[in-house]
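The two complexes that follow have subunit A in common; it is paired with subunit B in the first and with subunit C in the second.
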Partner chain A sequence: MGRFLTLMKSGIMLDLYWLKNNRASFISMMLWPYLMLGLVLGMGFIFGSSEAFQRNIGLKVNPITYFVASTVVVMACLGIMWDVGGNVLFLKWIGALPYVIVAPHRISMTLILSYIPRYLFLTMFQLLEFIPLIFLVEGIKQGIFKLGVMVLALTLGMLPLLGFSALFAIVFMVTGEEESNLLSWLNPLILLFSGAFYPVALLPYWAQLIAWALPSTYTIELARLSALMGSPRFAQIIFLMGILLGMAMFYNLVAYSFIGVGERRALKKGAL
Partner chain B sequence: MSKWRAIVWLHFIRLWRLRLSFLSFVLTEVLWILVFILGVLLFIPQELMPQMCKVAFWIIVGWTIISQCSMLIGGWVSYFTAIGMVEEHLLRGVSPFKVVIGRLIPSTIVLTCTLLFMSMLMGEMFGVSMFMLNEPWMLILGLIFMAIQGVAYGVTLASISMRTSIPHSFLDILNFAVMGLLVVPLEGLPEALRLFIVFIPYVAPMQLMKRGISSSFMMRPELIVSCITITSVMILISIWQTKKTERWIRRHGVKGVGFM
Partner chain C sequence: MNTNIAIEAIGLVKRYMTYERIGLFRRRRRVVEALKGISFNVRKGEVFGLLGPNGAGKTTTVKILATLLLPDQGTARVMGYDVVEEANEVRKVIGVSLTVEKGFFWKLTGRENLKYFGMLYGLDGQALERRVNELLKMLGLDDLGASDKLYEEYSLGMKARLSLARALLTDPPVLILDEPTLGLDPPSARSLRELLVRLAHEQGKTVLVTTHNMFEAEIICDRVAIINEGLILAVDTVKGLKKKVAEDVSLEIGLILPAKISSSELLEKIRSATGCPCTLLHGEEMHKLKIVAPSEEVDEVTALALRLLHDYKCKVRRVDVKEPSLEDVFIKLTGRGGF
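== the complex of A and B ==
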């Protein structure tokens, strides 16, 4: 337990110093969700209407809450995939990966545990940014309930995504020379299949099959329940929570089993 | 002349050797455009979809030109500086900004491939050709002005990055802000406000592009005046800024671009 706490503490210290030394990047990170939201909502309302939006979706939803939920989850998913999966590549580029591998902790544990504080801090900070907008659109009482659904989605959704992203870490560990980052195009592809801004139900059937295997799909679906007019049904929330917990077990077990193989192969091949 | 030939050669060689990276750029760009455009199209009634889909596509094209110029030209400076190439070029009497301008080659190729791929994809998805235009030459004129303004902006960003160490990811935010201006319908604005907005970079070229798509968008002489004036001013600013930064670097040395 003490070892895990040490890793989490090191993650917190790393982030505190990163924030202190990279204020411009931090400000840009905070501005991005509003800019993404502004882009989609601005263009949407200029060219169309919320009535057409509800007709196209086939649900009585508030477009602003719908896209706030989508934007927050999209930012969170991108963060996890880059910072857990892509971190191996970054460590490889700066020559620090061999040191992380020979450290007493398993690399999967280092990647995941040192990342959790950053995820919780940045995601909750981004959600806090949207509180005034949610209260304005939904009212305070409904707003608190809907923010609660989003917090639940962001917290539970993180668990399977950690394992899912660790699988990319394994791929980066065993591959040799990197010319470009696979994640740069895999990330938007995963978000597209997960129904980031466009509901999965409207995608072609083959794309829906891929969507159901991705943990991000359920995180987005759960967060989006908050956009339904009135209160979302508890049964739906519990159902999605169950799927996310099941996926968390599956992806984390798979990642935990394969990361050791990845480490051994990387050491054997000298692919570091 | 031989310096320019070497720069052009360098960028073609890089494009060939890092072809997978450039393919990845194209694919990434297409996917991000698709993620956003699908979200926007949810607001559009089915009966207006063919027309609006085309307008939304070309607006995103305009924005892609701006962001690509900032990312592939302005953003490349951090890499160029990190590997110590600024000093190397200065010592050999070659302006590092000339090398940076050479990034126009990969950015034009990436952009052209992205747009062709994206238009095919959108055409298949929504059954509408993105190239069925009202006045094609007007769209081309808008695209040319947009690209020149974008390059001037990218080069200016590159030189600011070298002096201030602000990474391009922060500067890229300006592109999102500009996006808001690109979608503003000029037709419904009061005369004075419209004149003011038209003289903001990128707005007039975008309006020319919109007119090229459909006759429902207005065309006024001040749009051409704005395109010529703003483009010239942006080019002059980029030349002045790069010369100033080069003098500054020779005196103070290169400042690293911040962590991204």
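== the complex of A and C ==
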């Protein structure tokens, strides 16, 4: 437990220092979701009204709430995959990886645990940014409920994604090549299969099979549920929560077993 | 294991797999043997130098001892802990610095970087704060006004100091430093060397340092291992090593080479004509040919070398005969220079 807390604290410390010294970059990071949302909505309103949007998706839903949920959850998924999976490459690039390895913790634990505070802080901060907008379009009562579901989706959705992204970290540890960052082309594909751009139901059958194996699919689904629901449908929420918890166990167990092997192979190969 | 021994390496072997492209889609696998069974030990409280040219196997050895690389064969122990089986225990007793020019977060200050790594290494609260302040002062970063500067604004000298500060964070009994003064200006290198000697001789730390700088090894190391092509050629004190070539003298010939001459061919000719190991040190205005020759044959070797140089149309500017240095020991042991 002490080790767990130490790693979490070191992660918090690193992020606070980074935010303190990079205010401009912090501000642009905070503006980014609004810009993304503005672009999506702007494009949407050029081609049609909110009513047209509701007719197209066949549900009575406010496009602003729908896209806020999508934006926050997609950014969170991308953040986890880049920061946990790609962190090995980043640390290697700045030359700090050997010094993280010589800490008396498993490298994988360091990468994952020290990332959790950053994820929670940045994701929740991005969600907070949208509170006025959600309250404006949904009203306070509905807004609180929908934000609650989004918080749940983002928190629960993080758990399987941590294990899932740790699998990328293993690949990067073993291959040890900074130039072959497969995340740059794999991330958009994962998001596509997860239904970030099109509903999963519209994808071909083989792509749907991939979609159901990806944890991000359920995170996105749960977050969107908050927007789609006119009234609380707890059964659906609990069903998705169950799937996310199951996937969290599966992916984290797989990552835990493979990471030890990956670390050893990387140390043998001299890839670290 | 002898209780006076801090680091013990026995028969370390390490092979790397490299791939050579031989066509558009084809690659050939090549095995590079970086260490060919090296053995040595480092006593507690001494500064021990691993001296060798680039590619000799110094960094590979250091990485194995620092638990960053697994050996293919052989064993190594640090403060009695096996580097493979008890890697976590080893990590608790070592401080490591592998490169001085990077290894920190660029957007954090020196102090913040140290605090982050300190926490990662298990320090916390007041103890962490106190240790970081102590190190910033001890390494002179406070005096340079660098403690609260962003790392990206650091000079190489400041980076080297910060790197050593990180290695000292947990006050470990063993320091493993890979070329800690590489690229530093003479004053920075000098103060860092003085500090390493103080750490060993006043605080009792064991310092393993790799270098290809003979001068540095001669000044700071209590004992030196000469490593070349993955093999340890000799381990002794600098004095002891010099004794090995005491019957020899170092012949230094200052010369200017004609534009088209191949220096390796010239060296090979001199080597085979004189039967003595030699090397060519390149200078801006003048090159220096060093030949390690037995003292009773020095006149004959000088005459032979001068004749050959004349044949190759080299302009000889100076001839000196000197007592052997550590560099001469290296030339004698390896048969060549090449640093």
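Quick note on the criterion: the second predicted complex is superposed on the first by the 267 of 272 C-alpha atoms of A that agree within 3 Å, B and C clash if a C-alpha of one lies under 4 Å from a C-alpha of the other, contacts with A are read in each partner's own complex, and residues count from 1 in each chain.
The definition used in the following text is that a contact is a pair of C-beta atoms (placed from the backbone, for glycine too) under 8 Å apart; a residue touches a chain by one contact, two chains touch by 3 or more.
As the structure is a computational prediction, the values presented were derived from the model and not from experiment.
> After superposition on the shared chain, which partner residues are touched by A:67: those of subunit B (first), subunit C (second), both, or neither?
The answer is first: A:67 touches subunit B but not subunit C.
> In this superposed model, does subunit C or subunit B come into contact with more residues of subunit A?
B
> Which holds for A:22: it touches subunit B only (first), subunit C only (second), both, or neither?
Both partners.
> With both complexes superposed on chain A, which partner does A:38 reach: first (subunit B), second (subunit C), both or neither?
After superposing on A, A:38 lies in contact with subunit B but is clear of subunit C.
> Contacts for A:47 in the overlay, against subunit B (first) and subunit C (second): which applies, first, second, both or neither?
The answer is first: A:47 touches subunit B but not subunit C.
> Which parts of subunit A are touched by subunit B and by subunit C alike?
18, 21-22
> Which of the residues in subunit B end up touching subunit A in this complex?
18, 20-21, 24-25, 27-28, 31-32, 34-36, 38-46, 48, 52, 55-56, 59, 166-167, 169-170, 172-173, 176-177, 179-180, 183-185, 258-260
> For the complex, which residues does subunit A have touching subunit B?
Touching subunit B: residues 18, 21-22, 24-25, 27-28, 31-32, 35-36, 38-40, 42-50, 52-53, 55-57, 63, 67, 70, 179-182, 184-185, 188-189, 191-192, 196-198 of subunit A.
> Any idea which subunit A residues touch subunit C in the complex?
Interface residues on the subunit A side: 6-7, 9-10, 13-14, 17-18, 21-22, 94-96, 98-105, 110, 114, 264, 267-270, 272.
> Which residues of subunit C touch subunit A in their complex?
14, 16-17, 60, 63, 66-70, 88, 91-92, 94, 96, 98-99, 101-109, 112, 115-117, 119-122, 124, 150, 166
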